[in-house]
Structures are given as C-alpha cells and as structure tokens.
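Read through the structures below before going on.
Paired with chain B in one complex and with chain C in the other, chain A is shared by the two complexes that follow.
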Partner chain A sequence: MKSLFFAIVFKELKSFMRSAALVAVVLYSFTIDIYVAGEGIDIEPRNVAVGYVDNSGGGISKKILSNLHSPEFVAPVQFLSQKELSNAIYNKEIMVGLVFDNDFEKLYREKKNTQLNVLLDATSASQGFTTLMYLQSILLSFEDIQIPLELKIHKLFNQNSDNKSFMALSELLSLITMLVVILTAIVFVKEKEDGTWDIMLLMPIDAKLTILAKTLSQVIIVMGGVILSLGFVIFGMFDTPMNGSFWSFIFLTFLYTFSSAGIGLFVAAIAKDVMQVAQFSIVIMIPLIFLSGAWTPVYTMHPFFQVLSFFSPLRYYIEGSESIFYRGTPFLDLYPYYFGVMILGFILYIIGFKKIGRLF
Partner chain B sequence: MADLHLMDAFHVSGVSVRYKDKTAISDVSFEATSGEIIGFIGADGAGKSSLMQAIAGVVRFSGEISYLGQSYHSPKEAEKIKIHTGFMPQGIGLVLYDTLTVDEHLRFFADLRDLKKDAEFLAYKKQLLHMSGLSEFVDRQAMNLSGGMMQKLSLICALLHRPKLLILDEPTTGVDPLSRLELWEILRNIAKEEGTIILVSTAYMQEASKMDRVLLFHNSKVIASGTSAELIDSIRPFVYEKSLLYKDENSLNFDETSYSLTPLQSALKEPTLEGLFFVNALKENKNIAEFVINKKENDEVIPEVVMECHGVSKQFGSFIANKEIDMKLKKGEILGLLGANGAGKTTFIKMLLGLYSIDEGELTLLGKPIKSGKDRQELKSKIGYVSQHFALYKDMSVKENLLYFASMHRIDKKAALSRIALYAKELGFEEYLGSFANELPLGVNQRFSIAAALLHEPLVLFLDEPTSGVDTLARAQFWQILGKLKEIWGISILITTHYMSEAQFCDRVVLLKNGQKVADDTVINLYKRFPQAQSFEDIFLEFYKEKG
Partner chain C sequence: MKSFVRFSVIKAFVLKELTELVRTKLIIMVYMMPSMVTILFGYGIAMDVTHSRISIIDNDNSKYSSELISKFSHSKYFDVTLTHESEAEALEAIKKAQSDIVLIIPSSFEKNLLKGQKSELGVFIDAAFANRASTMQNYVQGVIQSAATTSAPMITLNTRTLFNQAMRDEDAIVPGLIGLVLLVAPAILTALLIVKEKEKGTIFNFYASPIGKLEFLIAKLLPVLMLHSLNIFILFIWATYLFDVPFRGSFFLYWLSSEIYILISLSIGMLISIIAKRQIVAVVLTVIITILPAFLYSGMLMPISSMQGISWVEAHIFPVMYYNHILYDTFLIGQGFDSPKIVLYLCILIGYVVALLGLGALFLKKEMR
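Let's turn to the complex of A and B:
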C-alpha cells in the first residue's frame, strides 16, 4: 500500500517537472512576484505631486511649501487659478492642491482664524490621507506649539515599521493559497477530462489513497516553492525578522497547504474542465481571502462576517504565521491555528472523497 | 452553354496542407461539376478534414483551388467565394447554440449572411424545414434535439444562403441510421434541384454508394478515386475466399476473405470497399503482422455468467439515458452493444463499472451481486476497461504508462516489464514504447490501451467505442486481437460501437435505441429474422423504423 502511494506521488512530481509552463509559473510566483509585491506596493507617500495657487503674496505660504520636498513630494507646481488646479487634479497630474487665499497671510499675522484650503484626490486613498497627516504635522511643527504632552511610541513586533517585508509575507501567504488550490484542482480536472480518472477509480487501490497521494504531490511542490521563497526573497532580500520557530511555520504551512488542497479537490469535483477550474477558483477564493483578514483585520468586519471568517482556513493561517514571524509565539501555543486549519481541511476532503473518489 | 459549364467547374489542383512539421494532406487534385456529390472516405487523421478546411478557405494551403472562374491560393483570396460556399465542420451540433430554438437558429444564420427575409426566402426556409422534418419542432431548443435532428438543423443552416459549393465534414458520424438516410435524401435533393456541388466526408464505407464519386484517403494521401463500383472493380482480381494454404508477404487473410497480389488457388470473391485498404497495404508492401496471443500466466476459474443485469435504468434530469435494460454476458462471449450516439451505450457501461450510480435495477458481476461500491473492491482486479478516446497519461511514454498501471495492480516490476515486452511484441507497438501517448497514431494508441487493460489478466473486458475513428486496417487488426483473446484466454468481452458493420465480429449483439434495448440476439438469427437485409445496417434500420 505504501509503495503504491509513493508511486502515485512520484508520478505526479514527474508530470509536473515535465510541464515547463507550470514549473515556470511556480518559480515566477515564489520569487519575482513576491519580490515585486514587497518592493512595489507602498502606502507611504512617495513622489506626491503637489500644486498650489498662491494669492497671499508669498511669505508664510512659501515657507510652508518649502517643507514639501523629496522623497515624499516632488517640487510643488504653481497654478494661476483654482480652476486650473482643479483641472490638473481631475487629470491626475496633481494629487494634492493647496490654495492660499488672498487674506491668508494677513489673517495669520493677526492670529485670527486662518484657513488653508486643501484639495485632495481621494481616489488614491491611503497615499492621500497619509499625505494629509504629513501636511498636518508640517503645519504643527511650523507653528511650534508647546503642549505639555508628548507621544512616546514603542513599535512592537516590527521595530523598523518595515512595510516591505510585511507586504512580501502577506503576498506569500495569499500566493500559497492560490497556487495550491489551482494546482490541485488542475491535476484532478485534467484526469477527469482525459478519462484517466475513471481508470484510476477502477484500479485495485482505495481511491481515497489515490486522492491523498495526488494532493500530497502538489503540497510538496508548493512547499518547495515556499522554502525557495523564504530563502531567497523573504529572508534573502527583505531580511524579514523571524521571532518564532522556523519549523513551526513550516509545520503550519504544511497543514494549511494540505487543507487548501482540499479546496482544490472540491473545485475539481464540481468543475468540468480546466476553464471552469479558473472560474470556480476565483469565485471560491475571493470570499475566503476577504474573510481571512488578509486585507482588513477581522475585528473591523460586520459581526456577521466575523462569524463567517471562522470558515476561512486562511484566517487561521495568517494569524498563525504573523504570530510566528512577529510575536514569536511558541510552537505549542499555536494549537488553535493547527486545529482550525485541520478541521476545515478534514471537512473538505470528506466532501472531495464523496464527490469524485468512489464507485457506485 | 459549354462556357457556362466551364464556369461552374470546380478544380482542386495539387493542394497540400502542412502543420508545422506534419503533413496533413499532400498533393490532392480532383474536379467536380455542378450537381455532383463527391465523397471523402477514410479514417481519422487521414487528411479529409484538412482538405475540406483548405477548400473552405479556413486554413493555409499550397496549390490552387478554382471555382466559378475564380482561383484562390490562400484563406485571404478565398474570401471572395465565401458567399457561394457553405461549410459544416465536424462534430454533432458544433455550430448550434444550446439555448436557441430551431427557428431562432435559422433567423440568426440568415442575419449572419445578411439575407433579405422576403417571400422567396420564407418559402425556401419552409421548404428546408419540411425537407429536414423539423417543421414541427421550430420552437424546440437545440439542446433538446436528438443527434440526428441537430445534424439536420446544422445542415439547413448551412443551406439557407443557397450555396453553390457545400462542404460537409462527417455530417453522419454517430448519427442513427434513419437520420443518416434522411440526411442523404436532403443532400441528393439539393444537388439535383440547386445544382450544388457537395463535398461530404464520412467514416462509413456503406455510404460510398450514395456518392457520385469517391476519394479514398489513407495516411495523408488520396489512394484511389472513382465511383464506388469502379473502385470495387479495381481490386476484383486480388480478393479470394479464405485460403489457409498459401501465405507470403503478398497476401493476407482477414475474417472470411484472403487478399493477395499473386494468384491463389481458392475462388475469387465479391470484393468490398474495405478491401481497397487491404490491397493498398499489400501494394505498399506494409508488413501486416498476424497477432499472436499466448496463454495467460494465471489461470482463474471464470463463472458461466460473467455479468447479468435486470431492469437497469438511469436518468439525468429529465433525460432518460437507459430504461429497464436486461442483459447477460456469458463466459467466453463477445457481446456487441450497438447504437447511435446518445443511445445510452457509454452510460450503460459506466453503470456496469460503477462510474455512474444505477438508479434502478439489479446487477451481478462475476457471480457477485453489486449493492454498493464496496462490493466492487475485490472485483477490480478481474475487470479490464478501455474508455472512449483511450485514456492514457499524455505526458508519459507508452512504457511509463504501462509500468504505472502495472504498479497500481501490484504487479512487481520484473514481471511487469516482461509482460509489457511480450504485449508490445504481440500487439505490434514495440517501436513506440518510448513515444509519448499523444504522438501515437490512433490505431497504435488503441492497441496500447488494450494492453494496459490486459496487464492484470482480467476475466472480462469492457471496451467503450475502441474502434471509433480508427482506420479500416487497424480496426480489422483490433477485431483479430479480440477474437484471439476470447479464444485463447477464454475471457468475455463487452464492446460498444456505432459501426453497424462490426456486428459480424460479435457472437451476440444488443441494439440500443433511445436508451432502450430493441434487440438482443445472435447475428445469424437477426439475418434470419430480416431475410431481405443486405447488411447489418439494414437490420438496424428496420428496428428504427419499426417502433417510431
């Protein structure tokens, strides 16, 4: 029985290695894609285009503007009227517009209620609002207001507030989900399409074993990718700190990929061809990712969705992985995550076995 | 008038189609005049479709095609004649849209061709509907039509714009015999009344007599052309009653006939069109191996009744695939399950194997009543199965495939290797052992699939359309193998096919029609019942006419 099981695993790995396209996709995803995600996605302001209309005659306004410099801002551009500035914002040439009214300087010097008008392109939401905070603190420091209170910030878990490694890790976790679901689903659907699945069902080997062997082969492929990605990109390029145990992460990843392969199995059970795999995978995975807290923390969701999020294995995986990387949670204390992932996986396999893994 | 005739003439000269490094069809020339029906006959992959696509102007080709005084050499140049051509590609209902009704199809195709919907058009449309027998079904959606009706609808859609050149790629394959007759009736009418040139390909030899001229395709070449009678005459001197006395590389035996290029002692025999392929093979000096099957390694007792079922039914939604079928497969018997596409052959085999659930009825396999999937576990090692389209792993070589299947049957590697070597030699695919499954000719693929199903020496074989699309020669060889397996291994074989002519190789045949069993008897008895029948095709037709 054991040798049969490994014969299937080995055959699937061989098939995978023979498919140049699949190998290329997996290699690309685990290296370049994660690197790009880490390097490219930035929510801090960079090269923000500022435009202004100055009717105040200069002085204070020039002093304020002189604080907007690179790398956060490109040199502010002057416009002659508010209309021109609005047009430029409309055309996406300018993200933040400042309008200094003609009584701006006068009111300011008289220490009256002075108003600086800010026009903000709120479609680039996070960049726009972070820019706004910059502006506020520039104005505050410009004022040099003394209040008897100071914020002393202690950054925990990610001391350098390093956004890159965080983004790269999040990308890796989502990517693992995508790949293991799609790879597994394709393995089964291709067999269904070619008719080899019927042949396998009629072989004197328990179909459950065949299914487990085939999913294991895809788990091995993805685990290989994970290790590659950790070595070259996560640790190699981004120097992501690892406060917990490396092996806890590998163990959790293994459990997680195995249960996510169950999603792939489920997709394969309901899909007729590879085309439908793509369609169903997206329909099933988008809500799983939304509900997992990968994009917004679970506690900010509507209570109904918070309940639903218990059914997303990705939720346990993300919480577990972040605990390992940033909080350094010990191996045994991670048991809720192990169990969460395992229980959901178990249910998915039972459905998969029932759907495609039996004779009548 | 003579000029006009010349104008109408259709010429194909030196046309070849190549895909990358593969030649699909090479150097074909023929001509046709108005009102002629030209038939293309040959196996899958022989080049029929490629030539049709070249003529229809949908693939690149070399050579020249001229029609209506205009010649073209490329798909681009063919644009100008497309208003005069109608093309129906291979595959049942391929050009139809599931959710459109018959009438919506006709309106849609008329709009595509930008036809004016005047009184003349409406009259023609009515005539087409009447001719195809679809008048009563104008409001029925395409997905609810039978295969035959779908093909008739596809045909009249291609006829709406009154093409002068009609190109039909296997319109009758897999269609029930009655619908096939009706399709031919429509074609004859169109050729006569509209003077249309019709090019039609088919997998059925019997249809040759309905064509004005036949082109025989084999291995990317046209090996013969002429009327069906001329073709048969051409091989008359080479066909004899079966002779076992004399054998060399210039002769071969198949079924009850001997083919020989050198004179034989036995009496001459009335040749068939199939014979052309055998004589051609002899002329090409191709080595046609006689297959040898050795005794099985393990001898197991086979029960007298291998499979028995009562009242087996299967329903998919509102579609009844199989209705109350009783069947019995005895020890050492070849049972042919015959029927058109959609008659329920594959569904029935899949129920026997447990790939589909049985809605109603009882099944006993190898003496064991089957109640659930658990009952099948121990039978798995006694059953061999070849599925439609020869299911094999495409990214593995023939040898790797066979070794993999052997390991699934827990045959140890040494025994497996020797058995694979033996089968490869016996079934003649030794030279392909290292090739990938998708690079094989269909006939080799077929033999290698059966080798895969035989590795564990089963007691019963279930074969689902193993001969579909395979050329005449390979089919003949395949039946030879089955005959020997029955004889030497003593196993039972249940085989499905839509070639009625293959009934003669079976001990007993079961005819399925719309999911129901309409006949279950030996071939001899069936001929006795219908003495006027010329071929098994005619017998099948009787059953189709009989009960509506």
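Let's turn to the complex of A and C:
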C-alpha cells in the first residue's frame, strides 16, 4: 500500500518535472510575479503629481508649495493658465491642481479669509481623500495653528506600514490558491480526457489512495514553490516581518494547500476537459477570494456574505497567516484556523471521492 | 500559401468552432464569468474603510472627553465601543483581530485643555493590513483635527473634485473591473483553442488541409470575438444601471476601444496557445500574466502618474493602462475624440492588435515539428 502510494506520488512529480515549460511557469509565478506585485504598488499616496497656477505672484504661495515634497509629492509643476492645468488633469498627467488667485496674497496679508482652489482627480477615491488630508495638515502646520491635542499614534505589528511586503504576501496567498486548484484539477481531468482514468479505477487499487497520492504530489510542488518564494522574495527582497513561528506558517500552508486541492478535485469532478477546468476554476475561485476578506474585511460585508465567508478556506488561511506574520500569534492560539481549513478540506475530499472515485 | 483569405472557408470553420463552444456549455461561462466578477467585486471592493471598530478608553469622564467621543460615534467611519478595560486588555483584543483601533483619553484631558496645555491622546492601530491602517490613521486624525480647531483656519481649501464628485468607490472601481474582465476572460478562452488541438492530435487536420495560416487564425478568433462583443453591452448595463456609474463620453468610443481591447486579449491568449505545448502550461501562464497586470496597472489601486521606476515602465508595456485611460474617460470625464491623448492611445491599442496577430502568424507553423 505504502509503496504504491509513493509510486504514484513520484510518477506525478516526474511528469511535472518533464515539462520544462510548466516548471518554468511555476517558478516564474513564485518568484518574479510576487516580486512585481510587491514592488509595483503603493496604495498610500506617493509621488502625487501636483500642478499649480500662481496668479498671486507672491512668496506665500511659494512657501506653501515648498511644503509639498517627497515621498508624498513630486515637485510641483507650474502651468501658465488654469486651462492648461485642467487639461493636464484630464489627461491624467497631474492628480492635484492648485490655483492661487490674484488676491490670494493680499487677502492673506490682510488676515481675511483666504481661499486656495484645489482641483482633484478623484478617480481613485481613497487616494484622493488621503491627499486632501495631507494638504489640510500642511496648511495647518504652515499657518502654525496650535492644536491643543497631540496624537501619539502607534501602529501595531507593522510599524512603518510597509505596504510592499504586505502586497507580496497577499499575492503569494492568492497564487497558492490558484496554482493548487488548477494544477490538481488538470492532473485528474487530463486522465479523464485521455481515458486512462477509467482504467485506473478498474485496477485493484483503492481509488481513494490514488486520489490522495495525486493530490499530494501537487501539494508538494506548490509547497516547494512557497518555500522558494519565502526564501528569495518574501524574506529576501522585502523585509517582511515574521513575528510568529515560521513552522506554524508552513503547517498552516500545508493544511490549506491540501484542502484547496480538494477544490481542484471538485472542479475535476464537474469538468469534462481542460477548457472547462480553466473556466470553472475561475468561477469558483473568485467568490472564494472575494469571501475571504482579502479585499475588504469580513465585518464590513453584508451579513449574508459574512455567513457565507465561513465556507471560504482562504478566509482562515489569510487571517491565520496575517496573525502569524504580523501579530505573532503563538502556535496553539491558531487552532481555529487549523480546524477551519481542515474541516472544509475534509468535506471537499468526501465530495471528491464520491464524484470521481467511482467508475459509474 | 495563398495570399488572400477565402471567406467561404472561414465561414465553415467559424460555424464549426461556434458549434463546439456551444456544445461544451462554455457559452454559459462566456457570459457568466464577466458579469459575476463585475457584480461581486463591484459590491465587494471598498477602498474606503467604514465601520472601523474603535475601542475608546476614557480615563477622564469629563464633558470634553465625551464631546470627543460623540464626534467619533457620529462618523460613519467608526463603530465606537466604550470600554473600561485596561490598556493591555484592549491591545489584546487587537491582537485577536476583534478590534482595529484603541484610543486612550488621559485622565487630565479636560484639565489640561482648560489650562491651555497640550494633552496627549494615545492611538493604537492594527497595521497588519498596511493600507487600511493608513486610511484609518487619516480618519482618526481628521476627526480629532476638526474637533480641536475651534478657531477657523485662515486659508480654507476650496476643493473641486473632478470626475468623481461624490468620491464614490463604485465610480472608481467598476470601469476598472471592465478593463480587468475583458482582458482575462477572452484570453482564457482562446488560450486553449490551438494547444487543445495539439494535445489531442486534431491539429493534423489543419496541417493536412488546404486552409491558410491567416484563415485558420481568423476562424479561431472570430467566434470568440463575436461572443465576447455582447459582453461589452452587458457590462455597460451593469455599470450604469446597477452601480449608477455616470456615463459622460461617447458610446461609440467605448464600444470601439472595447472591441479592440478584446482583440488584444484574444491575441494574447492565442499567442500563448501557439507557443505552449501542453494545455496545463497555457492555462497557468494565461492566468498569471493577465490577472496581476490587469489589477496593478488599472489605475484603480494607484494612479499611473504616481508610478516610478520599474512599475512605470511595466505599466506602459501592458495594454491595460491605455484601455483604462479611454474607459475612465468615457465613463467619468467625457473628452472623447477631442483629446489627442485618447486618439494616440487608441492607435497604440490598434498597434498591439497588429503586433500580436503578426507574432501569432509568425510562430504558427503549418507543419509537423
């Protein structure tokens, strides 16, 4: 039994290694793809392009502008007329336009109410809002208005709000899901397509054993990728904090990949060919990712979705990994996540065994 | 090879491909996936952080402190809980992900304020999700600033937000989702069309038949293009009726650029299908190289003008940016063909189609390898 099990695992691993292109694609996903995701995006406003029209001709506008500096802003660009400025905003070359009117300086010197006109491209709404907040606080500090309150802000778990490591980590988590589901599903469907699966089931081997061995082989491939990616990208390129235990993350990842392979199994059960696998797995994975809280926290969702989200294994995985990396939750306190992933995996395998483990 | 395409041959092939797509029930997927993604994510992605769970420890219990607390309770961004826990207990709740922010009001709060001395408020924010943390920080600062500035500042900001006046998340996200869906869905469909035949051996029919390379490519792409063209209209209806995104530009421009964009997506899938030898490679490769760029370079998460270095270059390599520029223009801005930049971007998109199809024809071999 045991030797048979490992024979199947090795057979699948070998057939994976034989396809150089597949190995290359998987390697690419676990390294460069994750690097690009981490390096590419800052959700906080950085390098906001500012343009201005200065009709006040004075020193105060210059002083205000000199407060707009990196990393939040690039050096402001001067435009000669408001029309040119708004053209640049329409063409998305400039995100924030400041217009100093003729009487701006005069009014300010006379200590009257002064208006600074702001044109803001609010296509990405949250960045627009944050940029406004920056401008507001720059003005406050410029006018030297004393607020009798001082805020002592502590950011827990990720002190400098390092977005890069966070983006890279989220990309890794969704990549694990996509790869393990697609790879597992195709392994089975290929055999179905070629007709070898029926022969497999006719042989005097327990179908459950074959199914488990085949899924394990794909789990091994993905786990290999995860370790590579942790070493070279997550810890190598980005200074991702690791406040919890490395091994509890590996353990959780193993449980999670195994139960996600169950989703692959389910996809394989309903799909007839690889084309259908591609379509079904995306249609199934998108709600799973959506319900996991990867994009919006679960508690802000509609109550109905909140209930549904208990059925997304990715939810347990993301919350668990986040706790391990950033919050440093100890191994034993992570048990809800282990159990959540395990129970869902168990159900998926039962369905999988029933659906494709039988000949008729 | 014949120099020109014969329409009767193409017609026969297109009929065959269409029948196959309908028979395998893929036709449901063609329409289900794009709408599902748009609707789920349109409702789902909220960039705005509302209902952050803030626990306030009021050590002062004074008039001023309760005024400050009421400012938080009246904001839609916060769900306030007043606790009498110790600081350590409140922090433990953050650690268990049961609360997002802890605000501590010191015992001498009112006294200091009346004396005109500075008092210090302690704020603890869960920064595991980094960008959510910065947004929450800004909101906290906003509430406290507005509560504290009794004397009006002299310079007031007179803000005109363009394009998305109400700063609605839907307006910002839904057009971007169309750009995402129309890149991913057609590509996944075409990525398998040719490699499937290679794996099954039916590609020999093509090798042996007198059909030309160009005719073969057109026959493979045309059915998918026809099917996905309908999605342009379906997605438009979701965006404008379901999500109330304004539409200010020309519908013709929207339709034209979307058709070109679908062609690009088809050609990417087709190119992968021509190069790959196994279906599994084609599927994984398509998913990897379309989904991520479609998100990153959509302008939804980060304006292109703020990108620098590698990401700036990459954003300009992928077609997403050019299409999304036109897309956001037709929905939110409405300059249309008057803007030279849009005409330029449209030409760039056409350039992509020509280049990708050319590459496809170049790599497609009509003989055994």
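Annotations
The criterion applied here is as follows: the second predicted complex is superposed on the first by the 347 of 360 C-alpha atoms of A that agree within 3 Å, B and C clash if a C-alpha of one lies under 4 Å from a C-alpha of the other, contacts with A are read in each partner's own complex, and residues count from 1 in each chain.
Here is the rule we go by: contacts are C-beta pairs under 8 Å (C-beta built on N, C-alpha and C of every residue); 3 or more make two chains touch, one makes a residue touch a chain.
Because the structure is a prediction, the values reported are computed rather than measured.
For chain A, the partner that touches more of its residues is C, with chain B and chain C as the two candidates.
In the superposed pair of complexes, A:I199 makes contact with chain B only, with no contact to chain C. By the touch criterion stated above, A:L4 is placed in contact with chain B alone, chain C being left untouched.
Applying the stated contact rule after C-alpha superposition, one finds that A:R358 touches chain B and leaves chain C untouched.
In the superposition on chain A, A:R18 contacts chain B only, with no contact to chain C. Applying the stated contact rule after C-alpha superposition, one finds that A:K208 touches neither chain B nor chain C.
Counting contacts as defined above, chain A residues 19 meet chain B in one complex and chain C in the other. Of all residues in chain A, only 19, 21-22, 25-26, 28-29, 33, 36-37, 39-49, 86, 89-95, 108, 111-130, 132-133, 135-137, 139-140, 142-143, 145, 147-159, 161-163, 166, 171, 178-179, 182-183, 186, 190, 272-280, 282-283, 286-287, 290, 295-297, 299-302, 319, 322-323, 325-327, 329 touch chain C in the complex they form. Across the complex, chain A is touched by residues 24-26, 29, 32-33, 36-37, 40-41, 43-51, 53, 91, 94-95, 97, 112-113, 116-135, 137-138, 140-142, 144-145, 148-149, 151-165, 167-169, 171-172, 184, 188-189, 191-192, 196, 276-281, 283-288, 292, 296-297, 299-308, 310-311, 314, 325, 328, 332-333, 335, 339, 341 of chain C.
Here chain B touches chain A in the complex through residues 350-351, 353-358, 372-373, 376-377, 380-381, 383, 385, 387-389, 391-396, 404-405, 407-410, 452, 456, going by the rule given at the top.
Those residues of chain A whose C-beta lies close enough to touch chain B in the complex are 3-4, 7, 11, 14-15, 18-19, 194-196, 198-205, 358-360.
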